[in-house]
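Each structure below is given as C-alpha cells.
Next come two complexes, and both contain subunit A; in the first it sits with subunit B, in the second with subunit C.
The block that comes next holds the complex of A and B.
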C-alpha cells in the first residue's frame, strides 16, 4: 500500500486530568473514506479538532502528505471541516458563505482568485449539490437539510486535501439523513478527496465507510473494513458498537470442549478450546430456533421488523435477541430451543 | 380594549414626556414667566401689553398664557460671567470627550472581553472580579488623588484628561457587557474561518465584530450616557476650559441676576437631544439583542 496521506502516531490530548485522546494511531489513504465510530464523549470531535489544527495534541505526532503538522496552523493545513452544530454564517447569503473559503489569503497563496473563477467554482458546487436556487437567500432562512447541503458546499467549493466531517447529519430527521448520507458518499468518492467522517450512527458507518475506526474512551479499539469489524470484533466493547439489534454477550466457560453459560446452559460445542472462563458474542441472526430441549428459551416479546422478526427471549439466565425470518409465527410465553451457529460466534478471553 | 390601550398609551406618553415638554416650553419663556407663581403653559402670540389690557386681571387666560421668545437660545451664545466660553463651546467639548471616550471604552472593552471570552487565562475569574471591583467605590471618592495625579501630569484643564478618566471608568462596564455578548457568539464562527484559511485576527475583525454589533451598540449607549452626564470630575478637574456641559450649568448658578431658567431649559434641551438621537439610532441593534446567535439545524 502507498504511504498514507495522513498519519497519526500516538496522538494524545488531555483536558485537565482526563485523556480525551489516548495514544491514537490512525492512517488515512488517498481517496479513502474512514468513518470514526464511537459513542458520545468518546473523543471523536477532539480527534477532528486535532487533525485540523484547532487543538494541539499533548503528545504524539501528525503528518499530512509526509509533512509534520507540529506548529502548522489550521489555515495552512488545507483541510475542510464540517462542524456538527455550526454550519453557516446566518447573516450572509448562501453565495457569500460559499465564497468565503475561496477568498481566504492562505488558500490563494497571497494572490486573490479572479472574481470570474470564484463565481464559476461557487456555481459548480451549487450545481453539484442542487442548491443553485438558494444562492441569494440569507443562510438563516434555510431549512436544516438545505443548510447542511450548503455547509457541505463550503467544504467542496475548494478542493481540500482532506474532508473532516463531524456528525454533519446528526441534527437532521431520519429520512433526510439517509438520503443525504448516500449523496455525500457518492459525491466524496467522485471528488476523490479522502474523508474522515465522525459519527455515533452505525448505519452511517456501515453504509459509507471503506474502513471503520472504533473509538471508545479516547482509544482506537479496532480499525478495519465494515465487514471485519462486524464479523470479527476484537472485543465485546467493539462488538456492541455495531449491529442492530445489539450482539448477545455471554459470560461463559469451556468445560469438556463445550461452552456453558454461567447458569450452566450448554451453548455450543467448543472443540479445541482449553477449559476456563471465556466471553462469547453471538449476533441475533446467528441464533437458530430449534426444537425445544432441556435448555429451552421462553419468548418474552415478538417484534415485527419488516422482512424479519425479532424475538426477545429469556435463555441461559439472561435476555437474548434472536432474528428469524417471518415464515413461522411466535407467541409470547412460547418455549423454543436455541442453537448458536458456532462458526459465526466470537470468543474472547475473559477479562 | 383597543380604545383602553390607546388611552393608556396616551396618558403614559404624556406623563413620560411631561418634563421634556415643560423644559421645551420654559426655554421659550422670558425669565419672569418661568418664575411666575402661575403655571404659564399656553404660548400666545398676542403682545404682553394687549393681553394685560384685554383680559381681566387674574383670569385664566391672563395667568396661563405667555409670550414665546427665543431669547434664551440667543443667550446660550453669550459668555456669562466667570465662564471661559459660550454654551456651544462646552457642547463641543462634551461631544469630543463623550464620543472619544465612548469609542475608546467600547474598543478596548471589546478586545479585552474577547481575550477573556476565547483564551484560557490563568485566574480569569479573579481578573474579571478585579475589573468589576473598580466600580465598587463611588468615583468621587478618588477625586482628590486623581486631581493630584493630573496636576503632576499637567492633565488638568485638558480634554484628554477627561477622556482618559471616563474611558477608565467605563472600561469595566464595557468589558463585562461585551464578554456577555461575545460568549454568545459560538467559537465555531472563528474556527470555521481559521480552517477555511483565515487568520485569527481576520476572523475577529470580519466575523466576530460584525456579530458583536449589538453588544457594542448597547455598551456604547451606556458609556456615552455615563460620560455625557458626569459632573463631579468635569467640575473639579476642568474648572477653566475644555469641560463638559454639566459644568456650564453649574456655572450659571452664581449669576448675579438669579438663575437664568429659560437659558438652562434651552441648554438642557439641546444637551439631551444628541443622547436621545443616538439611542434611537442604535435602537435597531438594541432590539436585535435577543435574536442573534447561531444557526443550529
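The block that comes next holds the complex of A and C.
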C-alpha cells in the first residue's frame, strides 16, 4: 500500500488527569473516507481538533503528507473542518461565507485567487449543495439544514488536502440527515479529497465509510472496512457499536466441543475449542427459528420492522433479539426454538 | 371576588404609587410651566407660553444643551472604547482575574457624591496628589477644578473613571457569549486577527454594546451629581441641563421657568431614547 497521507502515531491528549485520547494510531490514505465511530465522550472531537491543529497532542506525533505537524498551526495545515454547530459568520451573506476561505489566505500572505476563480468555485460549490438560491441571504437567516450545507460548502470551495467533519449532520432531523449523508459521501468521493468523518451514528458510518475506526474511551479499538468490523469485531465492545438491533452477547463456556450458556442452555457446537469460559456474540440475523426443543425460547415482543420482523425473546437465561423474515407470524408468549449459525457467530476469550 | 376585581387589587397599589409619584408630578409640572409660580409664595397666574419664550431666547439654555450633548457624546464614546478594550484584554482566564475584576468594579459601586469628594482631593490645584505627581515629573500643573479650560475635562475624566467599568462588564458579557467554535472555524479558515474582530467579535457584541450605550447615554444626559460635587451649579464651564434646572428652581426660586426647562429636557431625553431603542430593536430583529 502507498504511504498514507495522514499518519498518527501514539497520539495522546490529556485534560487534567483524564486521557481523552490514549496512544491513537491511525492512517488515512489518499481519496479515502475514514469514519471514526464512537459513543459520546469517546474523544472523537478531540481527535479532529488535534488533527487540524486547534489542540496540540500531549504525546505522539502526526504527519501530513510526510511532514511532521508538530508546531504547525491550523492555518498552515490546509485542512477544512466542519463543526457540529455550523460556525458560520452570522452577519455575512452565504456568498461571503463561502468566499471567505478563498480570500483569507491572501490576507495572511498566501496566494491570492483571481476574482473569476473565486466566483466560479463558489458557484460550483453552491450548485453542488443546491444552495444557489440562498447565496445572497445572511447566514443568520438560514435554517439548520441550510446552515450545514453552507458549512460544508465552506469546506469544499477550498479544495483542502483533507476534510475533517465533526458530526456535521447530528443537528439535523432524521430525513434530512439521511439525504445529506448520501450527498456528502458522493460529493467527497467525486472531489477525491480524503475525509475523516466523526459520528456516533452507525448508519452514517456504514453508509459512508471506506474504513471505520471504532473509538471508545480515547482508544482506537479496531480499524477495518465496515464489513470486517460488522462481521469480525475484535471485542464485545466493538461489536456493540455496530448493528441495529444490538448484537446478542452470551457469557458461555465450552464443554465437550459444545457452547453452553451460563444457564446451561446448549447454544451451538464448537468443534476444536478447548474447554473453558468464552464470550459469544451472535447478531440478530444469525439466529434461526427452529422447532422448539427442550431449550425453547419464549417470545416477549414482536416488532414489525418493514421488510423483516424483530423478535424479542427470552432464551438461555437472557433477552435476545432475533431478526426473521415476514413469512411467519409470531405471538407474544409463543415458544420457539432458536439455533445459532455457528459459522457467523463470534467467539472472544473470556476476560 | 371576581377575577377582574382581584386583578385591580394586585395592580392597584403599584398603580396608585405610580400616579402619585410619577404621573401627577409630571402633569403638575406641565401645568406649572404655563404659570408664573415662584418657589416661595402662593400666588400664581396663568401666563401662557411666556416661560417657553424665555427659555428659547435664553442663550444659557442653548449653551447647556450643547454642553450636555458634548458631555454625553464624549463620555459615552470614551467609556465604550476604553471599556471594550479593557474587556478584550482581560477576556482570557488568568491568575487574579476575579480580584482585578472586583477592583475595576469599585468605582461603579460608589456614590457619585463620594466620588466627587475624593476626586476633589485628587484634583485640587494646590495640594491634590495629581498635581504633586505632575510637578515631580516637571510637567505643568493645571488648576483642574477652577481653571475655566479644565473644569469640563475634569468632570468628564471623573465620569469616565466611574463608568468605564460598567462598559467593560457589559462588553465582557457580550464577548463571553460568542461561541468559541466561531473563532476556531476562522482559525482553520486562515482568517486574520482583524477579520475575526471585524466579522465575529464586533457584530456579535453589537446588540449588547448598543444597550450599554443607551443606558449610559440616558444617564449621562441627566449629569448632575458629579458637577454638584466638584464645581457646583451655576458654573459657566460645567453647567449641564440638570444643574441649570437646579439653579433656576432652587437657587433663583423661579419654579415656573424651571418647569418649562424640565418639560423641554424631558422631551429631549424621550426623543433620544426612542431613536436609540428603535435602532437597537433593528439590530435585535435580525434573527440569530
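One rule holds for everything that comes next: the second predicted complex is superposed on the first by the 343 of 351 C-alpha atoms of A that agree within 3 Å, B and C clash if a C-alpha of one lies under 4 Å from a C-alpha of the other, contacts with A are read in each partner's own complex, and residues count from 1 in each chain.
By definition in this document, contacts are C-beta pairs under 8 Å (C-beta built on N, C-alpha and C of every residue); 3 or more make two chains touch, one makes a residue touch a chain.
Just so we're clear, the structure is a prediction, and the values are computed from it rather than from any experiment.
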item: Superposed partners subunit B and subunit C on subunit A - clash or fit; value: clash
item: Partner chain(s) touched by A:337 [first = subunit B, second = subunit C, both, neither]; value: neither
item: Contacts of A:139 with subunit B and subunit C, given as first, second, both or neither; value: first
item: Which superposed partner A:148 touches (first subunit B, second subunit C, both, neither); value: first
item: First (subunit B), second (subunit C), both or neither touched by A:52; value: both
item: Partner chain in contact with A:171 - subunit B first, subunit C second, else both or neither; value: first
item: Which of subunit B and subunit C A:245 touches, first, second, both or neither; value: neither
item: Touching both subunit C and subunit B, counted on subunit A across the two superposed complexes; value: 52-54, 73-75, 79-81, 83, 85, 87-91, 100-101, 104-105, 107, 140, 154
item: Subunit C residues touching subunit A - in the complex, by the definition given at the top; value: 179, 181-182, 184-192, 195, 199-200, 203-204, 286-288
item: Sites on subunit A touched by subunit B in the complex; value: 52-54, 73-81, 83, 85-91, 100-101, 104-107, 139-140, 144, 147-148, 154, 171-172
item: Subunit C partner contacts - residues on subunit A that touch it in the complex; value: 49, 52-54, 73-75, 79-81, 83, 85, 87-92, 100-101, 104-105, 107-108, 110, 138, 140-141, 154
item: Subunit B residues touching subunit A - in the complex, by the definition given at the top; value: 186, 188-189, 191-199, 202, 207, 210-211, 293-297
